[in-house]
Amino acid sequence: MRTFLRSRETGILAALVIVVLITTIKNPSFLFSQDGFRDLLLTPSILVLVAVGQAIVIITRSVDLSVGSVVGLTAYLTGRLFIDVPGIPIIVVFAAGMALGAALGLLNGALVAFGKVPALVITLGTLYAYRGINVLWAGSNRVNASDLPKDFLALGTSALLFVPYLTIIALIVVLVAGWYLRNQRGGRELYAIGSDPDAAQLYGLGVTRRILVAFLLCGALAGLAGVLFAARYGTTNSQTGTGLELQAVGAAVIGGVAIFGGSGTVYGAAIGAVLLLTINRALPILGIPDFWQQAVVGTLIIGAIVLDRVLSLRLSRQLISEREVSA
Amino acid sequence: ATGCSSSASTDTSTGAAASGSGDKNYAITFLPKNLGNAYFDTSDKGGSKAITEFGGTYAEVGPATAAADAQVSFINTLTQQGVGAIIISADDPTAIGSALNEARAAGTKVVTFDSDTDPQYRDLYINQATADGIAKIEVDLITKQIGDTGEVAILSASANATNQNAWIETMKKELAANHPNVTLVDTVYGNDDDQTSFDKTAALLQSHPNLKGIISPTTVGIAAAARYLQTSQYKGKVALTGLGTPNQMRDYVNDGTVTAFALWNPADLGYLAAYGAKALIDGTITGKEGDKFTAGALGEFTVGKDATVLLGEPFTFTKENIADFNF
Amino acid sequence: MSISPSNSGPPALELRGVAKAFGSVVALTSADLTVHMNSIHALVGENGAGKSTLVKIVAGLYQRDAGDFLLRGESVDFRSTAEAKAAGIAVIYQEPTLFPDLSVTENIFMGRQPTQRFGRIDRKAMRAEAEELFTRLAVRIDPDRPAEGLSIADQQIIEIAKAISVDARVLIMDEPTAALSGVEVDRLFAVARSLRDEGRALVFISHRFDEVFALCDTITVMRDGQYISTDAIQSTSVDEIVRRMVGREVTDLFPKEVAPVGDVLLEVEGLTSAGVFHDVSFTVRSGEIVGLSGLVGAGRSEIVRAVFGVDRYDSGAVRMHGKSVPKLNPTAAMAAGMALVPEDRRKQGLVLESSVARNLTLSTRTRLSRFGFIDSSLENRAAKDWAGRLEVKTNALDTEVGTLSGGNQQKVVLGKWLSTNPEVLIIDEPTRGIDVGTKAEVHRLLSQLAGEGLGIVMISSELPEILGTADRVLVVREGRITAEISRADATAESIMFAATHSTESIQ
Amino acid sequence: MTISAPADSRTGTRVYAEYGRPFWMRLLLTREMAVIVALILVIVIASLEVRRFGTTTTLGFLLLDVAPILMIALPMTLVIMMGEIDLSVASTLGLSSVLLGILTQAGWPVPVAIVACLVMGLVAGLINGLLVTVVGLPSLAVTIGTLALYRGIAVGLLGTTAVTSFPAFWTGLAQSKFGSTGIPVAMVLVVALIVVFVALLHFTPFGRGIVAIGFSTETAHFSGVHVNRTKVVAFMLTGLIAALAGIYWTFRYGSARGDNAMGLELSVIAAVLLGGVSIFGGKGAIHGVIAGVLLIGVLQSALRLANVSSDVINIITGALLILSVLSPRFLSWFRSLRFRRATPEKQKQ
């Protein structure tokens, strides 16, 4: 209980609750209407997936800037599959999207792990390259909602007992990823690698393999997000997902994932993603004009990392004074 | 053309121009706001048809995302390639001005269509419909659907789109003058991006619980808004109209999400623009008021004030007639 | 010494003629080591003799360039630490290597956590086991706290717990006691003996001969990356071992000329930094060498870093010539006439990827510029001058400093600081990892500098160095100065006593 | 105090060459030279293969296009060489553009408005710098935040409107060229900045400090380099130049808009890294960066002239970037293949 109250996730969850509360008081339909409730859950679901993948990579002290481009490619792939292979089962499309995402992620991971070069540069490169491939492939074509099967589109908007399918998928992913990171050796090793890569080497942890896995997971989740993007928005073109990488990194950072690795949880990243997008939706209701919303988001990101820093400084000062006492 | 053939692939325009009819440079390039936009795909196809008819060379280049500085680079390149005419939909009324003037100084004719620049930067503007005409039809459609009373909002493209802003201004005047019981409560910007338009629609409905209608005078916006409405509680309760293409809107009209929307035929717009360019190249017209030229199957057109040619009045699409159109 | 090593069967661990070089630095030329089961084997040698490098080769972290490596009679070739671990080798590294963000328990069990169904980590079992380990070692550390902020001693204990919790047949401990207190050392030894009695082979590396002679049964000496000798512990003596370690008589190592002592240059008064050091006061006069002694981790480096303005301090004052020197501003300290040759020359002293010349002129770069621009001919002249005075062994001034040998790197650091014309030179571990010949040269240089009127503060973990060089010895224990001993009274015993027993009574 | 040790007489026994390798090797075997050679190759091939590439018009358009990236890349080099990064530059550019528009519209004289924009740039950089140094936050996270913040303010201030009426003198200055040479007048400013930054990075104590910080912040701190102050100054310079680029941008396009130069930060960083600056800090040189910027610019211009679509340009930019960081790895890998012997594990750099 004490650790729950003190944890970083709690703070940001509280912030989320406050935002929802205030907005609901101002306008009850924000929460208490069929669409309001649905959108509250639905809108952040895709970013949640991408942010979870991003968090896994950041925990290992890397970063993946190419996720936006991966989402774009897989979303377009989804549309193309439905158009070019009539009657293709939806599950196959999901598998194909995730497989493509995983492959792109694996390429990132391989370049980072074997090339021993910083992920920031590599994934900045693949951000361009994957986007280029997307534009080359899609050209000026686009996939329209009418090209996609109704069942598939329904996945993106309809709900099971008030909870949208997309949210259920995102929730499952968050829980599974969170469970894996907390309870599996592989997951703990990701933290260890991010906490001190040299020590991980000394411990004999399979650093290369783990980094590959982290990037692969990140890619696969971006791939899943791409498929769901197509289901939710119905249209995809060569620019789908542009700029998503900064949102994903921002969500993870707001959620308390340290940019230098080793600490933070996917729950935090997921809540961060929800907070980011919920604030976006709440601002117009709170009367903040459209144009100022980005400034608020920026302030939020900076506030979150400054707060995180202050808290961790306080913790380490506390640990030192504990040592003083015990010495 | 010099006839030098250092590289076959590099200079299709001049090569074709030389083989074209006589000494006229019929190399005509379309430069839409961005690639991957269904509306421009259709209009440019119309242009292509016209150019093929009179034996010129058609090309289409453009930035991946709508941005004025990217358009400038393309204008510069076309200037160097010495094309006969550029047919452009401007991302910014002034930012591309000096680049266009440079092109004109180099002998290239500049025709704007869809979205104009300031008149001093181009030779001819092909106007799809007058701002008055568009504003009036939009306002008529929405007020009729909501019973001439209640709140309406506008979902526009980017905040700087010349044509959009002109229409919005006129709509405001029209509403104030002839529909006292209808209030325009908000204008939001979807940046001609599916996802943004989609999310802005959701936010709009949330922030204005009493909203009765949405006008989206952009093809991307109206499709995204329709897609949101289709699966939301507001379907059938909130009216939606605007400018859309029949293929994108067919489903929504058939299932009752949208009753009616308007548009001119974008293919005709491109077709007319191409003939306008030809007339400029031929010297048939100079952009002077009263100049006349023949636009193939569309017949004869007269240049109006400010070197503007009007395509006609917009056409209203409804469930009854939408099956007759395919673009 | 009850149990003698059982020589039946092949040795648990055998290394023959192992060589290893890091670029131009040769760490090992020909190292031998044969460790039997049921034995605790001491490995001794001066700083930089190559002990840790040998350990890391056994651990699979480094791959040897040449030589044989046998485990229970079979030749092995570890490509990673995981392989060595799997073969039953556990290592306590000299520098603790913990994951700061993870809990103490996780640090102990990382990579081999107990699991339940579906590979789920059994946290309860893990925590219980950690508690058990700490009980066995008789220490109190919260198993749930993060490793971040642990003292060096606690970190070392976690390393020990980590190593003994593995069911290893060969356990190597690289200076595990360097930061430990008496009780902790006793517990560690009890555990080590019981492990030996279970039939395991242990290697113990330490600079403390009392511990070596109390614990071990066999002793191997290394010098300059080479095997020197192996003896049963009973058949040798400390003097003998030391002679073999340094390769000559100890006495002629430090040619000390006592210089006339002049005015007070540096005064430090009541310097305190919470959690690091408390109420530290001392003075340094012109012409004297003040030795700062104490156990590793006592906080000596932190004190001088704060004095020089690299680290912050909470209260107290630093004065040069009676004028106070601003806090946390090395530039101001330099301007006041101080220079600090730091402890870790690779991380703090040098820009390894830069050239010899750039390093030599880094602290004087402003002085070497004209109208705000660096005068490169002036810079090169200064660099040539200082490289020459200290006889740095390199061909060209644009050689990357990282490729020089340790001793030559140390000379570059010295040159870099001497070129600032200091009045007080603070020098932290001046001869760590430096070969015997260079060591004497450094000592002569220090002595000569003092003779020319510099005030010198020298930190050293090597008692002979302190005894041989210092005019006055300050002993630091747990962040406090516990004794000031004059050259005449300074002996190994008096210093060690002050370093381990506080003048104040501590429970 | 002079040190005569070990003995002045012995000083002469060892002769030190200033350089270990002959001049041509030092000149040619560098990362920067590889980029310059690549640039020259691309120019030569483009001139031969792409019609109308080798003209003064091309040169003019090319320089106009790369000028903002080139400007911002200069201070960005300092920042990246210290192991930091600034993602907020394009947003600062946009904010500066918007501010210029608003102020001139409000009737401020242009020179005064320009000064105000530059001050704003300094403040934007100062905020980044203080958050990174005093608060101790990673610059990647900080500047993701200010990227959104500065852009948000820019978009918020101007909303739907764009300011497009600027005195012809200023827009003319940003667009005009020196007679028929094709060289834009604005290049005078860019060249001046290049000179300043070359001097700053390579010939001043400040620059030496930057290199030392980049290789080892700790050593720099121990050597009396004001680490925090240097970092703050570099971030402020970046803000200042980004604001300057914003002014240039506004006049060149004659349009102040909130979304000007959106996404430019990645192009700048890509160019800097391509120019041989190490993301770990320490390594890099201005001439390499200039070559990096021009390499991307020339490639884009040539490909566009050759009617190769912009997507291929993206792919090539990405591939170049990845290759440029991997190339040292490939080299050492080849070397290790040649001397097939166990080499030390490369410890963390």
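Going in written order, the chains are labelled A, B, C and D, and every chain counts its residues from 1.
In this text, contacts are C-beta pairs under 8 Å (C-beta built on N, C-alpha and C of every residue); 3 or more make two chains touch, one makes a residue touch a chain.
According to UniProt, the chain labels map to these proteins: A = Autoinducer 2 import system permease protein LsrC; C = Sugar ABC transporter ATP-binding protein; D = Autoinducer 2 import system permease protein LsrD.
Quick caveat, the model's predicted, so the values are computed rather than measured.
K.L.:
When the contacting C-beta pairs are counted for A-B and for A-D, which pair yields the higher total?
P.N.:
Looking at A-B and A-D side by side, A-D shows more C-beta contacts.
K.L.:
By mean C-alpha coordinates, which chain is most distant from chain A?
P.N.:
C
K.L.:
Rounded to the nearest whole Å, what is the centre-to-centre distance of chain A and chain B, using the mean of the C-alpha atoms as each centre?
P.N.:
36
K.L.:
In whole angstrom, what separates the CA-based centres of chain A and chain D?
P.N.:
Computed from C-alpha means, the inter-chain centre distance equals 30 Å.
K.L.:
Please report how many Å separate the Cα centroid of chain B from that of chain D, as a whole number.
P.N.:
38
K.L.:
In whole angstrom, how far does the Cα centroid of chain B sit from the Cα centroid of chain C?
P.N.:
Here the centre of chain C sits 74 Å away from the centre of chain B.
K.L.:
Send over the residues of chain D in touch with two or more other chains.
P.N.:
If we look for residues of chain D contacting two or more partner chains, we find 159, 258, 309-311, 345.
K.L.:
Among the residues of chain C, which ones contact at least 2 other chains?
P.N.:
Residues 61.
K.L.:
Could you say which residues in chain A touch two or more other chains, in rising order?
P.N.:
Correct list: 135, 198, 201, 238, 291.
K.L.:
Every touching chain pair, please?
P.N.:
A-B, A-C, A-D, B-D, C-D
K.L.:
Of all residues in chain D, which touch chain B in the complex?
P.N.:
Per the stated touch rule, the residues are 48-52, 55, 57-58, 61, 65, 159-162, 164, 171, 175, 249, 253-255, 257-262, 300-301, 304-307, 309-311.
K.L.:
Flag every residue of chain A that touches chain D in the complex, lowest number first.
P.N.:
Touching chain D: residues 63, 111, 115-118, 120-122, 124-136, 197-198, 201, 238, 243, 246, 249-250, 253, 259-260, 289, 291-299, 301-302, 305-306, 309 of chain A.
K.L.:
Please name which positions on chain C make contact with chain A in the complex.
P.N.:
The touching residues are 59-61, 80-85, 93, 97-102, 106, 110-113, 115, 119-121, 140, 145-146, 148-151, 274-275, 478.
K.L.:
How about chain A: which of its residues touch chain C in the complex?
P.N.:
183-185, 188-189, 191-192, 194-196, 198-206, 258, 262-263, 316, 319-321, 323-324, 326-327
K.L.:
Considering the complex alone, what residue numbers of chain A touch chain B?
P.N.:
Residues 27, 29-30, 33-36, 38-39, 43, 135, 138-142, 144-146, 154, 157-158, 229, 232-240, 242, 280-281, 284-285, 290-291 of chain A touch chain B in their complex.
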